[in-house]
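Letters A, B, C and D mark the chains in the order given here, with residues in each chain numbered from 1 onward.
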Amino acid sequence: MISFESDYIKGAHKKILEKLIETNDEALSGYSTDSYCASAREKIKAACKKDDAEVFFLVGGTQANQVVVSTCLRQFEGVLCAKTGHINDHEAGAVEFTGHKILDLPQHKGKIDPEELKDWVETFYADDNRDHKVFPKMVYISHPTEYGTLYSKNELEQISKICKDFNMMLFMDGARLGYGLMSWDTDVTLEDVANLCDVFYIGGTKVGALCGEAVVFTHANAPEHFMTMVKQHGAMIAKGRLLGIQFDVLFTDNLYFEISKHAIEMAKKLKELFIKKGYQFFLETSTNQQFIVLENKKMEELKKNVRFGFWEKYDDNHTVVRFATSWATTQEDIDTLEEFI
Amino acid sequence: MISFESDYIKGAHKKILEKLIETNDEALSGYSTDSYCASAREKIKAACKKDDAEVFFLVGGTQANQVVVSTCLRQFEGVLCAKTGHINDHEAGAVEFTGHKILDLPQHKGKIDPEELKDWVETFYADDNRDHKVFPKMVYISHPTEYGTLYSKNELEQISKICKDFNMMLFMDGARLGYGLMSWDTDVTLEDVANLCDVFYIGGTKVGALCGEAVVFTHANAPEHFMTMVKQHGAMIAKGRLLGIQFDVLFTDNLYFEISKHAIEMAKKLKELFIKKGYQFFLETSTNQQFIVLENKKMEELKKNVRFGFWEKYDDNHTVVRFATSWATTQEDIDTLEEFI
Amino acid sequence: MISFESDYIKGAHKKILEKLIETNDEALSGYSTDSYCASAREKIKAACKKDDAEVFFLVGGTQANQVVVSTCLRQFEGVLCAKTGHINDHEAGAVEFTGHKILDLPQHKGKIDPEELKDWVETFYADDNRDHKVFPKMVYISHPTEYGTLYSKNELEQISKICKDFNMMLFMDGARLGYGLMSWDTDVTLEDVANLCDVFYIGGTKVGALCGEAVVFTHANAPEHFMTMVKQHGAMIAKGRLLGIQFDVLFTDNLYFEISKHAIEMAKKLKELFIKKGYQFFLETSTNQQFIVLENKKMEELKKNVRFGFWEKYDDNHTVVRFATSWATTQEDIDTLEEFI
Amino acid sequence: MISFESDYIKGAHKKILEKLIETNDEALSGYSTDSYCASAREKIKAACKKDDAEVFFLVGGTQANQVVVSTCLRQFEGVLCAKTGHINDHEAGAVEFTGHKILDLPQHKGKIDPEELKDWVETFYADDNRDHKVFPKMVYISHPTEYGTLYSKNELEQISKICKDFNMMLFMDGARLGYGLMSWDTDVTLEDVANLCDVFYIGGTKVGALCGEAVVFTHANAPEHFMTMVKQHGAMIAKGRLLGIQFDVLFTDNLYFEISKHAIEMAKKLKELFIKKGYQFFLETSTNQQFIVLENKKMEELKKNVRFGFWEKYDDNHTVVRFATSWATTQEDIDTLEEFI
């Protein structure tokens, strides 16, 4: 059965597996002090065009979100986030577990609105009782968002400026960053991300790796003793090579961008297929996640041959479902899908 | 240069890599709900001879310690541990980060003494002011300990009984469990561990895997909603297959025990070599870690050809160093070492 | 200058001060084990008509909220609350500081809507991915709310039933409970509160005491070792007598209700005064807090003679302000106010 | 029955009660922004001879310890403390509850040894693996200690220097500070304490107040947004006047020192009485706590007429008990005691 259930259903890109085998017998030092981690760091800094960036490797997305938020905020500070932000809704309270409040903003197709953000912060600082409140110190955005949507460069610039004006950090959850950067409808580059954010991460788990997210502090601004705090979160692994080797491969010869681009080409074909067949879209996206409104009977029928993701109830007779492509999706998958829809 | 620096310097056992490649294109569900995780769980339960055990896969040792302690204890409860226990001394306060106190006991070559444990708990419950104190609810032991030493079956039985008598859980950190079970000087089996502990983990990272620890709750006693709390700790990975496949391989055809046994055989040869050459041992161990007292000049000379671990200062002219074998150590490594010492 | 700034601007009811003096030389045991705490507990249980209630004394409202939420929830559980709930907006993240997420619901004049609550919980339990989310285990309501509004008995019954149906605790923040119970427009009694809530507190700080809140677990359902956790929160005071004596006085001869009634009578007069003078009300309340919309110039003028609380900006020319009466407000205060408005 | 059970068995000094009554009808602003808090702050700064000190009022000792430690440390930092330090042993894990590890040092009659402290810190910084450990950032001492003993000025100077040399804060728990400063055997003044510590508190609860501890950051070094964090800990009270008025009285006309001196004079008489009668002392102290070793039968007999505190078992036939004097102890109490011992 073909599956468009998510972008983490397959193993890893074969070049990664080859490199794991090739390097397997090398005796390397632990805790990300090895040469592959070092090499991967340099390649990522080069791709970002940021000499003073600091790069760290973590295992997964929730972990990266938790560690970044928790280590960057002081005790009395919180993080602003769209109501639908992953940290607010799908991470089992991982941020609050470390003692910090998430301050939620309205979401618009998964995105926050710069004007609403500015209003929120201005209202906060105009409040004489703000000393009884959690202080906003970070803005969390996901790009692509949980709904597959993207910020424009102009929107990112506005948000970045507001952050600077009010002494907040801009943090981008890039679990699917490659699929955003390679979208057919974006004007945002990796360099832009590195220029506009204070910290972001480049998702590996959903883009070709077995696991791994590369956290980038963009201007020598990693919190002091960051690795000690990573250890304290239980997030440090002994064989850091597992992460270093994977990112070293992904950032060699543009692999990360090429496999992302492939996923996006598959998404475009998938989208066109649904359009051609007259399906209703839940919202408009230009990344690897496409959201379709299915009549429930049709949905049950389709399930017999295709795996896809349940998203939410639309009305009593319809359901929103998600079809995700990835680096591993093939033209055959698309062709087979066409037979069933 | 040969290296006895630690037991996590090499990649993974080749059978694991082969299986990763073999299964790479299978579309599997995420978050450890896949068939390989299921299979690995059953094999581990069978190896433990515990039908009602519950098995979960985590990425690393500090993470496993943090998650187990934090999810098993209520807010006002703490964990008893040898002063030198890994959670007390080398995990950057990961347990305290979750709000729990570590109650330390004297260490004897890394072990706690059952009598001292009993005295401590009896004194606690005799104290009329105990309501102003952290309640002891768990005993943490590492086996092998941080010093490579082992508890006897009798000692484990005594500790287990004290735990039962005072309503505490017995938790064994088995980061190097294979090397303990295959020691030439132990009467403790995996079955014993499963019978005597309430929860323990089988270390993969240091015993043939790229990463991964299998947490075993031995009698259907995993905390309710354990996986939600794993997520909350940032410890859940999307591609749970990475852990499931590795443990499935390790627990097929006794691989885990065979590679552990090999490491122990190498350790025995290494130990005999040092004895033969008249070196001074810091303490007596029968596992894969051997601690030697080196004259400082000798140490500097040896460093030119062999990598080993610094342990602690012995006196102004001597240093304690650690030589560790592992599943990946070869007879050639031992032979080469002989040339240099 | 007369002040309607808040309900905590004066010291304590004179009967409390008299009792503090009268008992001052008695040697009493510490940590709320004294006879006055015991007596106060019995009187409160009697007033609630709940033999199996368990009563504890804490110092302040934020502390009571933090301690109750944190001790009643397990690690993966959160608390539902109106967006404007005190714990969500004005306590500097005290709940999140203990690791728990606040799950916010829409507010309607400070209240949650039973239907919306039910929908939220049903949607949660219908979500197959709920294991990646914080579980709802408690519903927090304030009564009176932060806007001075009150739940009807019927609304409380509905909310209580939903809590029971979905295994959640109902927790009422009663920082101003007396002023709610003595409202001229309520059908809710203390007995109702004790019957419908799992835990609530009777506010002393704002109702005649120097400090102190009486936390009532209504059916022998206080968390085990509650006092140890109170200590752990830094919330236990050595001279528990300070709290016991105050509540003993407040619950002798109906004092708590009588002084609350007095405050409400003053509020009614104050409200009628504003009506008579044609002022605009921000919303309709029947408790000790009255919210008025003032033209900004008028507001500045009024400030010269009367203290009141800033609430929020209404529009560019108007501001919402709060006038609060209390147990200590006098007819003279009202008469003087009339001169200035 | 006379009682020497503790130093918190009586209410408050009568001048405090008088002032509470005198000021009761004044309308004061909340949250320690009132004029009495302001006045008390100035008087305390004057008593410390520290113009740039910052003074805050908290309710109790455990709360003060928790708030100070938690707000001064970053996430990865811990606090050094004698094994018997109050925060380590008698506060139900209040420090760990906020995520921080207590790093314990050997105790010598309740005190830490400067040399051992220095060795500990030097060993820490010499450890190449210190990045996997909790960093020492604060030294906690109690003065008097839990055993009633005192540091000499020279010892404090040594500890203070070590703190400076290794960039640590020196924090003194002064729950009984008055009784230490007025000891017949000390060379330490309040001015010395303010000069040598980075932060300390002046205990009110045990020295004449109903509740309250005055936290003094000695050189404009209070953490930014300290009051917001106090709120976040649930430690801020609405009627801050309760604390301000008490400390204003205590620091008017040397009252704090005079009542402390009285307690010490009573302690001296009590000590001489026990010496005269040939009792065995558990250790030598010159403050308000005296520790006596009683034969168990004698202890039971004495209990019929005198209340005192159980400390610890001495041997099978003897028990260590504590007799505490306080500001409220009278000559009559001593005389009556003489009849029974």
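Here is the rule we use: a contact is a pair of C-beta atoms (placed from the backbone, for glycine too) under 8 Å apart; a residue touches a chain by one contact, two chains touch by 3 or more.
Nothing here was measured: the structure is a model prediction, and the numbers come from that model.
Enquirer: Touching chain A and chain D alike: which chains?
Expert: Correct list: B, C.
Enquirer: Using the stated contact rule, I'd like to know whether A-B or B-D comes out ahead in C-beta pair count.
Expert: Output for the comparison: A-B.
Enquirer: Would you kindly say which chain has the C-alpha centre located farthest from the C-alpha centre of chain A?
Expert: Checked the centroid distances; the maximum from chain A is D.
Enquirer: At what distance in angstrom does the C-alpha mean of chain D lie from that of chain B?
Expert: 42
Enquirer: Starting from the mean Cα coordinates of chain B and chain C, work out the distance between those two points in Å.
Expert: 50
Enquirer: Can you check how far apart chain A and chain B are, centre to centre, with Cα atoms defining each centre and the answer in Å?
Expert: Each chain reduced to its C-alpha mean, chain A and chain B end up 33 Å apart.
Enquirer: Can you tell me which residues of chain A touch two or more of the remaining chains?
Expert: 75-76, 91-93, 97-99, 131-134, 228-229, 231-232
Enquirer: Name, in rising order, each residue of chain D that touches chain B in their complex.
Expert: Interface residues on chain D, with respect to chain B: 75-76, 78, 89-93, 96-102, 104, 126, 128-129, 131-134, 310, 313.
Enquirer: In the complex formed with chain A, which residues of chain D make contact?
Expert: Against chain A, the touching part of chain D is residues 70-71, 74-76, 99, 131-133, 135, 224-225, 227-229, 231-232.
Enquirer: Which of the residues in chain B come into contact with chain A in the complex?
Expert: Chain B reaches chain A through residues 1-3, 5-6, 8-12, 14, 17, 20-21, 23-30, 59-67, 91-94, 97-98, 205-206, 210-211, 228-229, 231-239, 241-242, 307, 328.
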